[in-house]
Structure formats: C-alpha cells, structure tokens
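Next up: the structures, one after another.
Shared between the two complexes below is chain A, which has chain B as its partner in the first and chain C in the second.
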Partner chain A sequence: MNSHLPRALGGKIVTRPYKLLVGLFALAMLLIAWRMVAGLGATTAMNDGYPFGLWIAFDVVTGTALACGGYAMAILIYVFNKGKYHPLIRPAILTSALGYSIAGFSVAIDVGRPWLIWRVPVYGWRWNFNSALLEVALCIMAYVVVLWIELAPAFLEKWRNAPKPRLASIVGKTADRLDRLLPWIVALGVLLPTMHQSSLGTMMLLAGDKLHPLWNTPLLPLEFLVGCILMGYGAVTIESCLGSLLFKRRPETAMLAKLSFAAAVTLWLFVLIRLTDLIVRDQTEAMFAGDLYSTMLWLELCLLLIPGIAYFWPGVRTKIRHLFSGAVLVVLAGAIYRFDTYLVGYNPGNNWSYFPAVPEQLVTLGLVAFEVAAYVLIVKRFPILAGHSRAETA
Partner chain B sequence: MSVSRRSALKAFAAAGGTIATSAVPLRADNEPRSVPADAVGMLYDATRCIGCKACVTACHEANQDLPDTRTPGMELYDAPTELNSRTRNIIKLHRSEYIDSYVKRQCMHCVDPACVGACMLGALQKRDFGIVTWDAPYCIGCRYCQVVCPFNVPAFEWESANPRIVKCELCVHRLREGLEPACCEVCPREAVIFGQYEDLLAEAHSRIVDRPDVYVDRVYGEHEVGGTQVLYLSHVPFEDLGFTRDSTEAVPSLQQSIQHGIYQGFVAPAALYALLGVVMFKNKRTNRVADSEADDE
Partner chain C sequence: MANVDRSPNLPANGVSRRTFLEICSIAAAAVGLPASAAAKIATLVQAGRKPSVVWLSLAECTGCTESLLRTSMPALDELILDLISLDYHEALMAPSGELAHSSLRQTMEQNAGSFILVVEGAVQTADGGIYCKIGGETALELLREVADAAGVIVAIGSCASWGGIPSADPNPTGAQGVPHVLPGKTVVTIPGCPPNPYNFLGTVLQYATFGTLPTLDGLGRPKFAFARTIHEHCPRRAHFDAGRFVRRFGDEGHQNGWCLYELGCKGPQTYANCPTRKFGEIGAWPIGIGHPCFGCTEQGLAFRVPLFETVEIQRPTPPDTYPSIASDQGGVSPAATAVAGAVAGAAATAAYLASRKLGDLNDDGAGGEE
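So, the complex of A and B:
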C-alpha cells in the first residue's frame, strides 16, 4: 500500500484558537468596509511621499515570497525530479494558494479604485508593456488560478468518493483530464513565479535614486528571484514543523534535513550575489556607514549567515529544532530584505515619513489570521498532509 | 547526472540568464525618447520670481481645485506645504547661506517620464504637445506613478473613496482654447513663461549668456532625467532649490533596457515554458515507474 498518500486529518474545526482567528478576520473586514467608505487617507498612514505602505510591502511583496513554498518545491520535485519530496508539495501548494489569494485581495483593497481592477486583464489593447507592475499583476492573477488548479486533485479526491454517483463520475472524469494536463499546468506554476517574483524587484528599479544604493541595483530582479526561492524553502520547513507540533504528527525531520541542503545552496547563492553586487558597485562605504541603512543590510546578512554557517555542522541538520530556527532566520532575513527594498530603503525626500497606522496593521493581521484558519480547515477536511504520520489524537 | 536533471539545469540556466529580469514583451522602440516636434513647455526663472503666489491661486482657479486648507494651524488659508491633491503648483522659499530664492514646483513634463513607464493601462501618457496627462478610466489607483516620479509630482486623493491622480497638465484645456497656462498668464514678473520648447531653451541660454554674473551656468531640465519640457534658470545652485536629481539618464531607461533584453518578443519566457513542460513530462513518466516500484516494496 502506498502509505505516504495524503489524507484529511479530521478532527474538530471550531476550536478556541479558531474562533480567535475568525474574530481577527471579522475585525479586518470591518476595517476594510470603513476604508471603502472613508478612503485610504482615513484608514492608513500612507501619503504622497510613501504611496506604498504595509499592505504592499508586507501582504503583497513579502507575502507572495512567503507563499513561494509551492514554487520552490515544484522546482525541486518536478524540475530536478526529486520525487522523494512529494509529501511536502501539497501542503506547500496549499499555503501558496492561500498566500497568493490573500496577496491579490490585499492589492484589491490597497488600490484606490478596486472596482476597475478587472480592466487590467481585460483591456489588452491598453497594456503598457513597459510597466513591470502590469506584468506582476497579470502573472499574479494567473498564478492564483494555476495554484488552485494544482490543488484541485486534493478536493477532487475527496468528492470522487461522494455518495452521489452522478457527482462522483463527473469529478472522476475531471480528475483524469486534469491529471493529463497537470505537467503543463505545473510548468506554468514554475514559469509565472519566475517572471513576477523577479519583476517585483524590477519594479523598484524605476524608483531611481529614491531607493538607497544598498538596494538599488540592476540585479534586483535576480536577487528577488533567488530570495523568494530561499524564503519558499524556509516557509515549507516552518510549516512542516508547526504542522507536526499543532496536529501532533511525527516531524518530517529526515526530509527537512535533506531539504536544508537545497536551502543552503540557495542561501549562499543569494549572499554571494548580494555581496558581489555591493562590492562591484563600490558600495563598501555605504555598507559600513553605521546608519540605519547599513544596519538593516547587516541585519539581513547576519540573519542569513547564522544558518548559512551553522549548516556545515552535521549535528545541526539532524535536529528538528535547529532546522526550524534556521528556517525562521532565513524567512526573517528574506522578509527584511523585501521590506528594506520597498519601505526602509525608499526615501522620497522632503521629510516625508511613514509608519503603518493601527487599522492598517489590524487588516494585515486579520488577513494572516484568515490564512491560518483556512489552512487548518482545509487540512482537516481534505487530503493535504501525507498520511504516514497521521494525527494520533483527533 | 540523469538526463532530466541536465535538462532541468538547462532550464534554470535559461531562467537565471534571461528571465532574471522582468516585465512583458513586444515594445519595439527601445530607444530613449526625444523631445516631440510639437513640444511646448514652460521656463521658470528664479531670479525674477518674487514669491507672490499669484500663479498658485490662478492654478487653483484654472483647474477648479479646492483651496488647500488642510495644513494644521492654517485652516483659514490656502496654505499647502507640498504638491498635493489640491495643489498642482506650489511656490517654495529656499534659504541658503548667502541668498534666499523662491522656486516654483509642478510637473516637469519629462521627455521620457517614469510615471508613464509605470502606469499599467496607460492612464498617464505623453499626449499632445508632449504634455503628460492623466486619463481617469484607465487608472486603478495603484500609485506606482507616485513611487517612480523623480520629482514626487503625482498626488493622490487620499481623502476620497473614488480617488484621482492629480497633477499639472500644463493647462492643456486652456491651450485648446488658445489661452496660455494660467500660471504663466498671471505672473506679474514673467518669471514663468510659456512657449515652444525649442524657443524656451534658446531663450534660457541667451539669458545666461547676457548675464553670466547672475545665472548659474546651467538650464535645469535640458539634460536632467533625460530632459524635461519645463526648464529652470537660477541664481543659486539648483541643489539649494531642492533639485537633487543630477543624472542625465532618463529614469526608465535602465529598467526598460533590462526588461526589453529579456522579454523581447516574449521569446525567452515561451522557450522556458516549453522547456519546463518537456522536462516535467519526462519526469512524470520516470516518476510513474519509480512509484510503481515503490509500491512493490
């Protein structure tokens, strides 16, 4: 019997923490309703100097990178043909689908005129092919669809065994057709993030000298691309660890230890690109200026170097605790790098300043809460997590 | 190394080398833009401006903008501190060690505008006379134009539930009626004048030649950020007036050359996609075999 096939965890959905998550989400929705009526000025701290705020820098730019687990695992499993990681792909795709959907939703509440968003994909004759943002927007929209299609087998598997025979047969046929198409969809699932994650970097190139030289490099697209893969591996590791903790499953230590190799390679690649670029562009002075910017840079680098160096101690790789902490540091570093590129390193001059307002923060918190709640609901009801380490307690 | 791994590496070399960068395909004209033949513009001469702000009021009137009474403590006055959604034109005082100077700020009508390069559906575009205007139905309010404008010009209606992007459009509605831009019309000192771009540039240079003792030997906007259709003359260093942009390269050029290098004709992404598809198809087959072997265990 194929013991590592995914299974639904089962168990009660509405627990105490679950209610809290739903409560936070409800609060966020109320605030969003207020934002729709009162405008962005009343609900956020964004201004003409800092037109991109927390929602773009965190929910979209950082959030999609955190949701790159699906992308990073797809590269490993389908492109490098490492089938052994298969048990990690479905949960990774699920977080990616949720993360990207939330990011899309965040864009929708962040833009001034959300009711016109549909024109972006539809008004093809108006497309400005010079706009990196257009590419990001189109790719993210397409990728959300691709992710849910990639995840569809999980839902179809459940409904295939539905008691109604008509439904079951329709679902069965769809599932078979999907199975044949899947390689091409998975290929899209690798192509689209490659395009838009790098374009998220290109976007800030257009900010010109408003972006601090420590981040303003022609290599931004490459750094964003490598960075999102790195964060993807980190996110998958964190997710697996938390999953085994929360749902009392056996930790996937062996597999995560092997995954840490891919993560370490990506990590060193990122650090190397970053440092080489800084040195080639002659930024050593700025690197050691001792100001906010150089501090942020070294924070990024140190958070990466700790797990990067620790990796070489074999003992570290086999302990789930260390793998987890390493992944947390990596994800933090990646998140700070993106925050720096979009907010900290961005300075419009003229004494403009920005710090996210409370409603802004609560909306972000509420959306994260929604993501967690949806994840828990889906893994309990649908076959996502690998079965061999099934919940011991329901 | 297995065949599929080698092709996987190839796919990623392709990704690293070409897709490393961004955007979408197809635009043919890679070259930096040059000043349009029918370009009009304004010439502002800081030596002549007395800071009377007649142009600020005239600009409000001409565009039917509300007075900006939002500055704390100044609620009784139209007293903006920055360009904003009610202020397309502002006069600022810049103090320096030796001499004070006023400076007028509004959209520069860049020759190769970053805001136009940023805008997804082309709400912002260089239209008649090279004037950069905003077209409501194509703006979703993403504010990327604000992020990229080197002069922080586009303003967003933060207080509105249906916000617009507000900026100087060189009074194009007045030009169509045969009128001058409002700010140029009312200026009592002709500190800001309207005209054909070429004439203004010639005028600026001849003023410098006539009075080299007064002027800084530089026409700001002739080369900066790839050229702007609004030109400036000054008696104090331009940095003192808040013009910190020195680069003569248009903001979009670097970003666009990267994009075009990669997305030219969409060849690279299409090739990468085909390659990925093939790799995955192959891998799927080998996986089937591996799976059935695993099942036998």
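So, the complex of A and C:
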C-alpha cells in the first residue's frame, strides 16, 4: 500500500466547466445576499406549515448522508480493520468535509436569525439536553471540525515541503503531534455521525401524526443510520468512478467490486428493517393503498432492490459501469427516502403545500457547484487521490 | 378662603410626611412626570406656593367634584385641598352669597394671569344664557370674565369638555362645552363622566410645578390619558381577538369575563386611560365590573348612541397579533418546476453519459493515463 501514497493530480485549475461551477456559486451567493436582506418569506417557498424546505431536506439531511462516505469508509477500515480500502479514505473524507461544511452553511442561512447562530455552541448553560435538534446542531458543528482535522495531513504533507524552512518546521511539528492525536480524532469521526445521523431520524419522529405512517416509525433513527452508511458507500463509488472519468485515471474496479459487497449487505439490512417494521406495525394496507405515499415507498424499495439483486450477479460486480449505475440507484433511493420523510410524507394539515422556489433551488445548485469546484481544486493541488492506484495489488 | 397661610397643615390632618410624599409621587406618576417631580411638588407645596384654583360650577351634577373627593386613598380628598389652594368652589367653600362672590373677585385680582380656572359643567348658551345665573350674572358672562383673567383653563368632565348630558338631544338650553364658548383660548379638557381625578390632578400639578401643560390632542385632551382607545389596552382584549363574546348578561361568557363588544361596548371608539389607570383607584370601571363601556368621554357616543348598540372597530390595532388565518399556504410555481426538472434532467443525463463512458473504459486498467 505504501507504494501507492496519495499525491496531487496537478494540472490546470481554471477550465471552462470550472468557470461554470464558479458562476453558479456566485449566483447562489447573490441570492443568499438577497435572502439576508429580504428574508426567507420573500426568497423561499417555505411557509408556516413547512418551516423547513429544500435547504434542510437536501443540503442538510440528504447532503450529510451523501457526505457519509468518510463515516462509512471509517467503519469499514478502522472498525472492521479492512486496510485494503485505504486508498478510498482520503477522497471520502474530503467529500465529507465539504458536504458537512455546506450543510452547516445551509443551516446558517435557513434559520430565521442567522446572526445569533453562534450562540448554539457557546451558550452551554442554556442547552436543553432533551432536544434532538440541539444534538444534531452540536454534532454537525463538531463533526465539521473533526473532518477537517482528519483531512489536515493532506495539507500538512504538502506544506511541510514548503520552500520556507520556518513554515516547514512548524508544519512538521504540527503533523507529528497530529499523528499521535489522529486515532482519537478518527474515533470521534465515527462516533459523531452515529449520533447525529440517527438524530436526523429522531427529529421527524417528533413530528408525530404529521408524518405519514409509512415513515413514522420508532425505528426511524435506526433506518436513518443504516441509510446514511448505505448512501456513503454509494457516494464513494460514484466519486471514484467520476474521478476516473474526469481525471483519466484507472478505474478502481476491483476495490469497488469488494466495496459493493459491503454496500449490498447494508442495503439488504436496510430493506429488511424497513419491510419488517412496516409489517410488524401492520401497515400493509397503506403499502398497497395506491396513493402518492405508497407509490413513493415502492419507488424507494424498487430502486434499492434492483442493485440489491444485481450485486449478487457475478458479471455485474466486475464491470465498473454497472457498479456506477448501482451506486446511482442506491444513492437515489436513499435521497428519496429522506425527501419522503422530511417533505413528501410530512403533512402539517389544512392545505399547506411546499415546492422549492427558484431562488431556493439555485442556492442549492450553487452550493453543490461550489462543492464540486472545491473538490477539483483540492485534489489537483493536494495529495488526496492515491497515485497509480491499482486496487488489485492492495 | 383666600387666606394668607397656604402651607399644608399635615399633622392636623393626621397625615405623615411619608404618606404626603407618597401622594405627591402618585400624582407625579399619573401624568408621567419623572420621579424627581414628586420631590419638587412636595417642596413647592410645603413652601406655600400652592397653585390657586378657581372652580366654576355651571350646568352640572357635581359628580366630578364627588369623584375627586370620594377617592379611596386615605385622606386623599384632604390632600387634594392641601396640594392646591382651592380659593373658590361653590360646593366646598364655607362662605356663601355676597361673601363668596367677593372671594372670587379677590382671587382674580391677586392671581391675575396665573390662577387655574377649572370649569365643571356645560355652558348654557340659548337665549343669552339665561338658564343658569350666578350672583345675578349669567354663567356665560361669568365664565368669559373669569377666563380672561385665568392663567390656564381646565374643563373637567364631559359636560365642560363638550356639553355632556345637558347637551343631549334636543338640548333646549343650548348647552355647550367650554372650548366652544371660549374660541381662541387653550382649554385643557378632561372628559369623562365622571373623569379620573388623577388625570385632572396630574395636569394641574404639572402646570403648578413646571409651568407647562401636558401634550394635548386636537380636542384639548392630555395625550397621556387620551391617546389610546379603551379597546387597545382592554383587559378583555384577548377574548375579542379570539372571538369569545358575551351574548347576554349572566351567560357563560359573561361569567367567564369574555369580551363585552356584542353587548354594545364602546371601547373600540372611546379614547381614555381607564384600562391602565383604572377608575376610582380600585379597578371599578364599567368593563372591570362586567358592563360594556358606554363611551362617557366621547361626544359622539355618550348620551347619543344607545347603550347596547355596537360600534364599528375604527382602529383595528395591532394587526400582526391576529392569528394568521389566511397566510400564504404555499404552492407550485411553473418556473420552480421548470428549474427542478432541468436540474434533475441534467443530473440524470450526466449520470447516464458517465455510465456509458465508464463502459468504454477498460476495467483491466488500460484506461487513459494522465
């Protein structure tokens, strides 16, 4: 493995697609400025019935699940001690760090009084320890910090070779200290998502009768936890495939094929929990009601079952194309599950409805564009992706 | 009555200095004067520089005087007489007849241009004012004469302010309020039937202490007392906003203290500080005891609009406290669906193209090198 240490890709940063991404991000920043001046009512479709919308359902709830690649890989590598996947961890941590940072930023523009959000971590004497929302807020804030510390070696490795000797020595000392600290940071990096990803489920459990019975289950926290690990594997696979495509690297087919086994196990665990829960809670009638809710449920399940069955087909897991398609379906299913729980299955009553307004969508698009642009910039300048990685030899 | 010694004889009245200062504080607070004003009032009163007051009683029932005297604070009636120098008041003064009249003349001469003229009761103007005569003069003549020499004119009660009950239809004696009879002169009006004694006392004490009058509205009413409607600060306002109305006296709502609007409460159109200042100091005011406000301070309401007729809500304030029953419930805009569709379509196309291109890559690692 040591012969395949990560290294910076190099190459030109500002390309035409890069300019497009930056343009989308600039547009999003303008819209965010408008939101700060004119308020949420003027810029979003949120209302008294739906006090949360796309920014929470996608940027935070779905976005952090997509950013769970770092968490899912950490479980595999550090908890199950599968060192062979090590080349996948750094890009996964980078995606996680970017995704969680964007999620935190989205919360900051989504809350009614953004200028007071700093009080959440600071005003410890006012914490309500029974609040799931507080737990999510603190966990996500802490996890963002943990992720960037986990990623810090990538930056320090580059800077310790800096031409200025003074800087290099400071960076070197920091890196050495960080090395000793890293096991604890990694442990925190596994603990924190376990806490807040399940709490994201708890929050909709608190919605009570407003949430449709197909999603309203005491197992919601568990389903969110398993779901985020599943989406994390999917995101890592997609990211690796697109990386191969965009940066013209060798596809990590063999490693991804092995990863897809872990994904398949998680997938079937999720489906099993979901179906068992629905049957035990006697919701078969709602499952086959033929309405919007049952349609959405079967959409989720079918999107999972296709890769769930295909993964056990020998020919499928050896083809990078099928691994990619399977990961896309898994991620899509996980995203729909989360949208269903937060928006589709949520009914505040009396004619309330919600569909994200144009500025809302453009802000989300711009933030995703920023994430992609930042990812490209960092992998080109810092040692993130494993050089000449050939999974077979790992 | 115009005796030389005007210092308050407090011990004789059984009032301690503490109680005396308390009364000064209450009087100062009533008009929103700063706390320091209480000390200043006390100093001025003790120095014997009490404001000289001439009180004219015209077409009235003496209810205003009664309200001033029958307050529940211990010995407040006496303190009112101590805080001001009541030099002429037909109902309260000891002399009568010619002696009383000479007292009036003497006060007017000694305090020309500085004494406070308080008028209680309406001025009857029909037939040259012959329906009310005092000491051989018509009330109209007497009022004009005294007003010319007064420093400030205060019309106490609804009758003096705008005519009150004597001016009720068909008004055979042509009863009018003091401002109507004294055009061009500043007349402070303290309407109410009866008025709150603190509104009067505060106004008078501010003038005596600082030489100024409180801010007045277009009808000469001190804004500290008459700037808001009863409805705005009504203790039953929450019931109005929630739509809980008393339908008849003694019903469930009435027993539970609901809103009296449908019984004809004039609170929404009546400007007065009854809900905050309370009345008669013990909270006994119409709405407080379960009776609709009858609009005693308002010329257009009292003794004109029937007691149980409802009034229009003229100033529905503040609108943002009403429950939002018609707020935007959300919807789907065509532009939003178009953008969402475009983004989803682009993502799906990108995913499909990526999977196609991935299929072209050689899984054995023969894909293009950097």
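Just so we're on the same page, the second predicted complex is superposed on the first by the 386 of 394 C-alpha atoms of A that agree within 3 Å, B and C clash if a C-alpha of one lies under 4 Å from a C-alpha of the other, contacts with A are read in each partner's own complex, and residues count from 1 in each chain.
FYI, contacts are C-beta pairs under 8 Å (C-beta built on N, C-alpha and C of every residue); 3 or more make two chains touch, one makes a residue touch a chain.
Bear in mind that the values here come from a model prediction, so they are computed numbers and not experimental data.
Colleague: Should chain B and chain C be called a clash or a fit once both complexes are overlaid on chain A?
Modeller: clash
Colleague: Looking at A:Asn130 after the superposition, I want to know if it touches chain B, chain C, both of them or none. Which is it: first, second, both, neither?
Modeller: first
Colleague: Could you say whether A:Trp184 touches chain B, chain C, both of them, or neither, answering first, second, both or neither?
Modeller: So A:Trp184 only meets chain B here.
Colleague: Regarding the shared-chain residue A:Leu138, is it in contact with chain B (first), chain C (second), both, or neither?
Modeller: first
Colleague: Taking the superposition on A as described, I'd like to know which of chain B and chain C A:Gly49 touches: first, second, both or neither.
Modeller: A:Gly49 sits against chain B and chain C alike.
Colleague: Check whether A:Phe288 is in contact with chain B, with chain C, with both or with neither, and answer first, second, both or neither.
Modeller: It touches nothing on chain B or chain C.
Colleague: Which of the two partners, first being chain B and second being chain C, lies in contact with A:Phe261: first, second, both, or neither?
Modeller: Neither chain B nor chain C is touched by A:Phe261.
Colleague: Which of the two partners, first being chain B and second being chain C, lies in contact with A:Trp313: first, second, both, or neither?
Modeller: Neither partner.
Colleague: Check the contacts made with chain A and report whether chain B or chain C touches more of its residues.
Modeller: Result: the larger residue contact count on chain A belongs to B.
Colleague: Hey, which part of chain B ends up inside chain C in the overlay, 113-121, 185-193 or 239-247?
Modeller: After superposing on chain A, the stretch of chain B hitting chain C is 185-193.
Colleague: If you lay the two complexes on top of each other, which residues of chain A touch chain B in one and chain C in the other?
Modeller: 41, 46-49, 350
Colleague: Using the touch definition from the top, list the residues of chain B that touch chain A in their complex.
Modeller: Listed in rising order, the residues are 2, 4-5, 8, 11-12, 15-16, 19-27, 82-85, 114, 116-122, 137-144, 146-148, 150, 152, 154-163, 225, 242, 244-245, 247, 251-252, 254-256, 258-259, 263, 269, 272-273, 276-277, 279-281, 283-284, 286-287, 290-291, 294-295.
Colleague: Give the list of chain C residues in touch with chain A in this complex.
Modeller: 324, 327-333, 335-337, 339-340, 343, 351, 354-359, 361, 363, 365, 367-370
Colleague: Which part of chain A faces chain C closely enough to touch in the complex?
Modeller: Going through chain A, the ones touching chain C are 9, 11, 41, 45-50, 241-242, 244-245, 247-251, 253, 318-321, 324-325, 328, 350-358, 361-362, 365, 390.
Colleague: Under the touch definition given earlier, write down the residues of chain A that touch chain B in their complex.
Modeller: Per the stated touch rule, the residues are 1-2, 36-42, 46-49, 51-52, 75, 78-81, 83, 110-114, 116-117, 119-120, 123, 126-138, 182-184, 186-188, 190-191, 194-196, 198-210, 218-219, 221-222, 225, 346, 348-350.
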